[in-house]
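Per-chain numbering from 1; labels A, B, C and D assigned in written order.
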């Protein structure tokens, strides 16, 4: 049994990680970290865990955790993981960081977009970007895995084959993304109250959202050169789900067949990426509660653009599910262990 | 492997049954019945099943199904199961009927409340009412199991211990129940359109809802004599979940301790019934996607009444999950096989 | 023009009051009180008011306000109005208090249920309970009006005719009420976040909710003697609306005709109370955004009980609309001035 | 008093028109047309109108209606208005058509995108496109007004100033639009059931939605030459509201100041278009129930694009409100008569 510790187990992503790990055959959770609820019963915070989890919330002591666990998940705000990680810890456990601390290779870019000083820049190089479908081999040997962001997972996987195969001009990419509200976290803010979110839509972080450089970096690797894109997130009145609608100009002469072939080339053997039948648009309800990414596209011959679409559950493939997938890879388990979740509808 | 057939697999309960059985280690689905979608790919109707279910919808041929399957689930409107069942079928397979056809022992009561003629009254006596926590032993040997209604499951389990122990006057019971909209089914009716249901609450079927005699019959068995209650269902703008708030007058001198002891007596060893800590009210979100029933109560000394509360996921414990639980019992499996579902939040 | 000041104008009820008063032909708002947002543009807090309201938020100075205004609305937490009111203020302006401070005549009951010391008990007697349909004449001459609670308005008006006419035993009344989330206020609490409320139902304040004694007092006046009832509020995932489902035992021999006659007797001439046609259940969507109360009932001959139902918009008839109705009465205007609001659907 | 008739009064747009006209000081509704509900009380279909509207639904007889009314609103599916209009009718009444029949000047484009034969092509030239902020003068004298589509109103007004002033390349425009579900109409379709829409997002009609050529035509007039754009609609789980997020490449050297000046030039004096303060994104909740269009923009210097955003209530400015605005203009009333609606929140 893999012993797992979670720092930040009382946020939405942390709690989803608990849900998934409770149903994972090879994992035992040994540490429910939560600064806000120290010494309280975990199941008192999340009553869904009543009679399932019998443990108290603990503090963020990563050194103690490194002795108790085989893997540590950090589902915390930016900056915390970078401030706690050290060689001693990494010699004892693997770390899967759900925050952004180790996602971006260029520390200046990180510090500019996140507005904080990076506390452990020396580990950035070692950290592996944990997008399993793209970096599978590197993840297998990693000590420190940077779990991708929710918007980025959806955006990158939606565009990746066409960028990689050179079928679109990556600098024309515009990603218009929509997210359910669990992505906004569990903090008690007026803006996230039911009555403020319900019956409302809005864009936010326009041209400034922090997931932008993460998408640019990864798609830039696929393109082979640095790229610049537009990314606009929107808040939608639902709990879970991200839908990315991405637009790009087709390279001269590119056909619909080539595009479909590109998606099939990269995803036909990917268990968690489903390329839908022609004409079927991804919908978030069809992936809810699961680790799937549903993708599809539509060519617009009038404008010579392709509209690429992807849908994920932001808490699963966009956070906790992908973290488990990374853990499976890093520990040599079958990649889908504990993740054979049939999407729940309605 | 148990071979399972589903008649009515494209309703909400039928589809939930597919979801649960796909994750059940001992079951293989061999028949996806659906009159509305014959010959269509099941995964074209429910895209969540894409690359998970590779089968076409079939007709309602119970005789053919009896040869192909070990168990038949009928998740259809009232009347269909009763019109199809016969000795030949029952000699070959077990039937778990999610409709109301075999729930009520008094055929006149059935025909009066449902407004239809019963097609197989001779099987009513044999049928076992499949409320596992109460009829466990009878279910084990049954050929024909009447899976309880969603409202009834929640209402009965909420009140049962106090009725059984004689702590309340059962004729004073008033059940005010609220349901998510999946309980209204998948038929294309104007009244169930998003814009008609969203931002709305209403009572319906006041004093006439068909689950009333079912609750009365079962609680009457617990009381030892026939009882009459009030039951009022309400429609609430959410997908899943039933919350029952039940009121009853306490018998003279009954104490809070006696009440808690009664709940513990019947439910302390029940895996799927969680008696919450004092002061914690059941909430539907804490059972969503799972087979749990959360119950609790509050004594009001001012009025000498007890307020009993229960919450379930109407599609799981109120339909498909309970059907699987019944199947497990009937086939000698551990009762919770395939049902170790951690409630999904948010 | 009546000059109106609002203390607590940035809560949901306060903001609704602004919406209604902006559309009232005889009122000018001269004071937007809000301790939380002092000196900020009101329209920066509520962007719906952009280019409609050009004023800054001000503090809670009731003495200054009394000089500036003809009427003061206090839409604040309990205790504030009672701590600010004094003879000098009341000699200058009329006060319509949307909090509970002056609703309950027995100060001991108030202090017990609200858990705070009343700061101005000497004004309790003078204060008029502002349920217009019942206390119309007293309201006309009042200086200090206690605007009823949202649950209480709906509960009282739903039951009043049958209690007043002696058709039911008032001590058997059980009110099961459901509310949209705007009733929980605009405070930044985790429990009211979108993801905590959405897809969830729960009871709360069971047997202890503060609106209970208010309902009991008013229905007790109607009965002619003190009564005790059960009242259970529930939280439902929608913005606006309260639905009350009330149960009571019929007095011996009471007929459906008598009950309908009682509703008609009290409400046939009430503009804002609509007694629906037989068989039509009140729904919150049909009153949204308006000052209407929709009521109806169903007799259950099996249990000799009547089920009474009422629906309001909690922010209009349950708060701001009723406050305007009270203001109209107190200032000698037509009672419906500014309140001819057609319910908005969907 | 202007006598108004409505054909299609029991759809969502038709019903909203009733709500607005009931509150309009100069209008009397004389005809509630509805093929589906002929001879039924209008208030039995929409209980919000109980005791407000006392009239029965009537058929679609435009000739009879032309004698009874001064203005006819057609809120019907495409094709009906074109099949009913004739010279005799237009000599008697003004027609405001909420369908698409007369929106597009090129009949071939209409027939191609809508897939139906146009029944009255001879009236297309006379018809005035009823986007009041742009075609105000033409509307004043019109007999036949083509009320713009919901998506198109929002999309055009969001982009118009920058296209008109030549600040962007109009062929680079990509409009990613999101709509509440009332835009999908009141037909009883499985896809629009509560449980299918709730907790879901999806794109639909990708590269083929019928509002595309309407946007292209109108923005082409502003540009001075034909343009081609991408338009992608999405369905979101809420009742009302459209949010358009539009992207375009800036012409060389264009500054943020020039862009703001362009918006101010066209909208500073427009009562119903609110250009928000810098940094404030439009949100649908701030316009709900009102005739406002909220617009704003963000320049992205990294990509040399501008992100333009607009929000409307699809049933008001996107349908019934704009129709009333057109009627006011056509009848010489103040343009905002009956439309001084303060947005309702929450």
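In the analysis below, a contact is a pair of C-beta atoms (placed from the backbone, for glycine too) under 8 Å apart; a residue touches a chain by one contact, two chains touch by 3 or more.
Quick caveat: nothing in here was measured; it's all calculated off a predicted structure.
Q: Check A-D against C-D and say which one is joined by more contacting C-beta pairs.
A: Contact tally favours A-D.
Q: Of the other chains, whose C-alpha centre is the longest way from the centre of chain C?
A: So the farthest one, by centre of C-alpha atoms, is A.
Q: What whole-number Å value describes the gap between the mean CA coordinates of chain B and chain D?
A: 46
Q: Could you give the separation in Å between the centres of chain A and chain D, each centre being the mean of its C-alpha atoms?
A: Between these chains, centre-to-centre, one finds 38 Å.
Q: Report the inter-chain centroid distance for chain C and chain D in whole angstrom, where each centroid is the mean of the CA atoms.
A: 37
Q: Show the residues in chain C shared as contacts by 2 or more other chains, in ascending order.
A: 12, 182, 195-196, 198-199, 237-240, 283, 285, 288, 346
Q: Mind pulling up the chain A residues that touch chain B in the complex?
A: So the residues of chain A in touch with chain B come to 12, 15, 19, 22-23, 46-52, 182, 199, 239-240, 274, 276, 280, 283, 285-290, 294, 340-346.
Q: Can you check the complex and tell me which residues of chain D touch chain A?
A: 171, 174, 176, 178, 180, 195-196, 198-204, 206-207, 228-230, 232, 234, 236-241, 243, 245, 247, 281-285, 288, 298-300, 302-303, 305, 307, 309, 311, 346
Q: Would you pull the chain C residues touching chain A in the complex into a rising list?
A: 12, 181-182, 186-190, 192-199, 237-239
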